[in-house]
Amino acid sequence: MNYTSIHDIDNISAWIEEAKTLKANPLKHIQLGKNKVLGLLFFNSSLRTRLSTQKAALNLGMNPIVMNVSGDAWGIEFGDGTVMNGTTAEHIKEAAAVVSQYCDIIAVRAFPSLIDKEKDESEHVLKSFAKYASVPIVNMESATGHPLQGLTDAITISEHAKVAKPKVVLSWAPHIKALPHAVGNSFVQAMQKMDVEFVIANPKGYNLNPEITGDTPIYHNQEEAFKDADFVYTKNWSSYEDYGKVVNTDPNWMITKEKLGNAKFMHCLPVRRNVVVEDAVLDTDSSLVIEQANNRTYAAQLVLKKILENA
Amino acid sequence: MNYTSIHDIDNISAWIEEAKTLKANPLKHIQLGKNKVLGLLFFNSSLRTRLSTQKAALNLGMNPIVMNVSGDAWGIEFGDGTVMNGTTAEHIKEAAAVVSQYCDIIAVRAFPSLIDKEKDESEHVLKSFAKYASVPIVNMESATGHPLQGLTDAITISEHAKVAKPKVVLSWAPHIKALPHAVGNSFVQAMQKMDVEFVIANPKGYNLNPEITGDTPIYHNQEEAFKDADFVYTKNWSSYEDYGKVVNTDPNWMITKEKLGNAKFMHCLPVRRNVVVEDAVLDTDSSLVIEQANNRTYAAQLVLKKILENA
Amino acid sequence: MNYTSIHDIDNISAWIEEAKTLKANPLKHIQLGKNKVLGLLFFNSSLRTRLSTQKAALNLGMNPIVMNVSGDAWGIEFGDGTVMNGTTAEHIKEAAAVVSQYCDIIAVRAFPSLIDKEKDESEHVLKSFAKYASVPIVNMESATGHPLQGLTDAITISEHAKVAKPKVVLSWAPHIKALPHAVGNSFVQAMQKMDVEFVIANPKGYNLNPEITGDTPIYHNQEEAFKDADFVYTKNWSSYEDYGKVVNTDPNWMITKEKLGNAKFMHCLPVRRNVVVEDAVLDTDSSLVIEQANNRTYAAQLVLKKILENA
């Protein structure tokens, strides 16, 4: 069993309930992962994912081993049939098979280029690990998805919902840098599986991949989208159409206390204050961001537990 | 309970005795930290602190998780109300609160700029962690203090004292680079709490912060200060008055076997040989530097034990 | 007991048998290393060694602590009597003695310069650790040897040999970069201790150090050397005579399926595909490279076990 996308969740309600049970008693399964190794391979920076996934492994009695691939090891080649006389020193075929000799589960973080859409959408890093590893693979954020975050967000919404079918808005917000679509994509996929009223708000030119958003309503008017919202999940992403470009930094899309009203504010973090969202939101009870970070542990722990039980 | 400064030691004699007890039986409390996580966050390089603090955590049964903040994660913003459209991607308010979700204790190393005296003295990194974290904070060397080192040095002096009230000299020594005042400051504060005759020797222009040195006698004549010394603790620091500047590299202040006489030589390490101190000192029994390094484990272990017991 | 070279193996047959026993039951000795720390110090990149040595330590119940010396700590000085007013901040005399305070065994990786032959052959990094540390030292690849790899290769050949005295060829292969001789040297030394027919194939100008190759036959004709081979161990190295230079990149020396015949292909990895060896070799059962990587764990575990038992 791999966990590479929200689609790997067969029954999101059941997963959420099990995650809550883990959260209530995190050390209950500390024998499950005894003498097992979780390898965490980072091609990119990480704070929450790095720490929460290690914490999740420790809660299950596993030994986490962390490696920053670029700095600690060798440049990895992903091409098929390549004559490797350039900068890459090791092929993914060997790298994935070798790491599988030492780890019982391999977790991988590999961001997109945001330059080559086709290559990013092929998920060549994650899929190559899944293809050539002989042990289960966990996605710690890939080019197009961040399913540990999406699961976390589903858990958090379930915990804080005050009505049977809450209204959830995913809102784009401005940012100075070109960011990936992964968090947005996985959040959309998670919400589509949940019993919520779900809409997206983003400026023109910022629609996410239509194959992912599907029938989900998209508003280009933020105020209209936010009407009667219970949860406003905020995230910047670069343009998908004009791939990887920053085509709008309109500060009017920043989340304010006033816009938010009684809705709860959510964000995967890190968040740029007073660019994406104003201090007045983050520094009050309207914000769920710290609780989201906390739930990262239990989302990861649930995924690792399911993999260990399937082994 | 935080451990951010020597002032957090309520009774240094009692702490020293307890540290000696731990040293005699380091694994006695291995159940105390079971299933607890110590997060070690490094904004700067470290060898002794990195290894000894992990060792201390392991001796208490804790799981240490190490993160090099700059390389592994995101640039952290410390300003209040900042519009974060620059190079920092995550605010300390979130970073500290988030790391608190995964760690039971957070240890932080953050050196000073040695450029902006006021900012350094505000201890904005350490104090921000203490303010925004929801778990205890341990100082692994901040802008103005290195209290794990200061406690270590107090333990080492207590172990090697041959008279009831030994004479201890803190001597400045030359160095080619501008170094922080942290080790000097914490050593001064530790000695002021102990029953020792304590004096400082440094060239003119190199007095430490007078609010810290207080009534401690300061000699500008090294020979005079060293008279009848039992311990000579040596350290370079940059000018405090002419903040962060190297205003003197007089090789006559290097510690030699001849100057030292029967006194024991101490240094926190790393030490530049034949610049700060000559080989003839380090390569003989006059030197306590390796035993100091050993005691780093027990100083850290004592601090972690006290925090765990207070939790 | 140190493990710095293949010469530290007293009886290679007995070691191989014991390694196979460990492999059959890797967790049998999990109490042996309990509460002991293995320090892994990397001056250079590593994937297999980094992960397999940690895995080996965990299998023995040890706590591994990893440090990238250059990035995490201070520049280390190896010269005797040096006035340290340059870029190095800590002398190996202190560094090795200090790390010995926190670790029960120290494993070190330090590649050669490939510029200064005499300095590389002096093994100043590894030997300085062995001299100044107060705990056992393990070589995780030094300037002139990689004995954990050599032991691994001996185990792998023993496992896959189909005749009493197999023919083993060490073949040089082309590469675009100047590589060390360490893997080649340790493989030669391991084979010289085993009951195999052992020959070396390399182009003129690429003979390894004659003090190491000794009586082992060296062919400059690859085809002739490969005749009736059971195992072809492939590795690039730079010239030893014209020290550290790439004097030949003749693609005719690349290993092909055709050349290999019925022999098994071996390589320490990482390997550049279609430069050192063609895909058609690696992607079939002719290749033992992944099993070699697996055996790295048991070679390291055997060495650590012997050291722990000797302590």
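Going by the order they are written in, the chains are A, B and C; count residues from 1 in each one.
We take it that a residue touches a chain if its C-beta (ideal position, glycine included) is under 8 Å from a C-beta of that chain, and two chains touch if they have at least 3 such contacts.
Chains and their UniProt names: A, B, C = N-succinylornithine carbamoyltransferase.
The model shown is predicted, which means the values in this text are computed figures rather than measured ones.
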| message | How big is the rotation relating subunit A to subunit C when the fit is done on Cα atoms? Please round to the nearest 5 degrees. | response | 120
| task | Please state whether the interface between subunit B and subunit C is built from the same residues or different ones, using more than half shared residue numbers as the mark of same. | result | different
| remark: CA centroids of subunit B and subunit C: separation to the nearest Å works out as 39
| said: Two or more other chains touching the same residue: where does that happen in subunit A? | reply: 71
| remark: Contacts from subunit A onto subunit B in the complex sit at residues 27, 30, 42, 45-48, 50-52, 54-55, 58-59, 68, 71, 176, 269-275, 279, 282-283, 289-290, 293-294, 296-297
| Touching residues on subunit B, where the partner in the complex is subunit A | 35, 37, 39, 63, 65, 67, 71-74, 77, 81-85, 89-91, 93-95, 97-99, 101-103
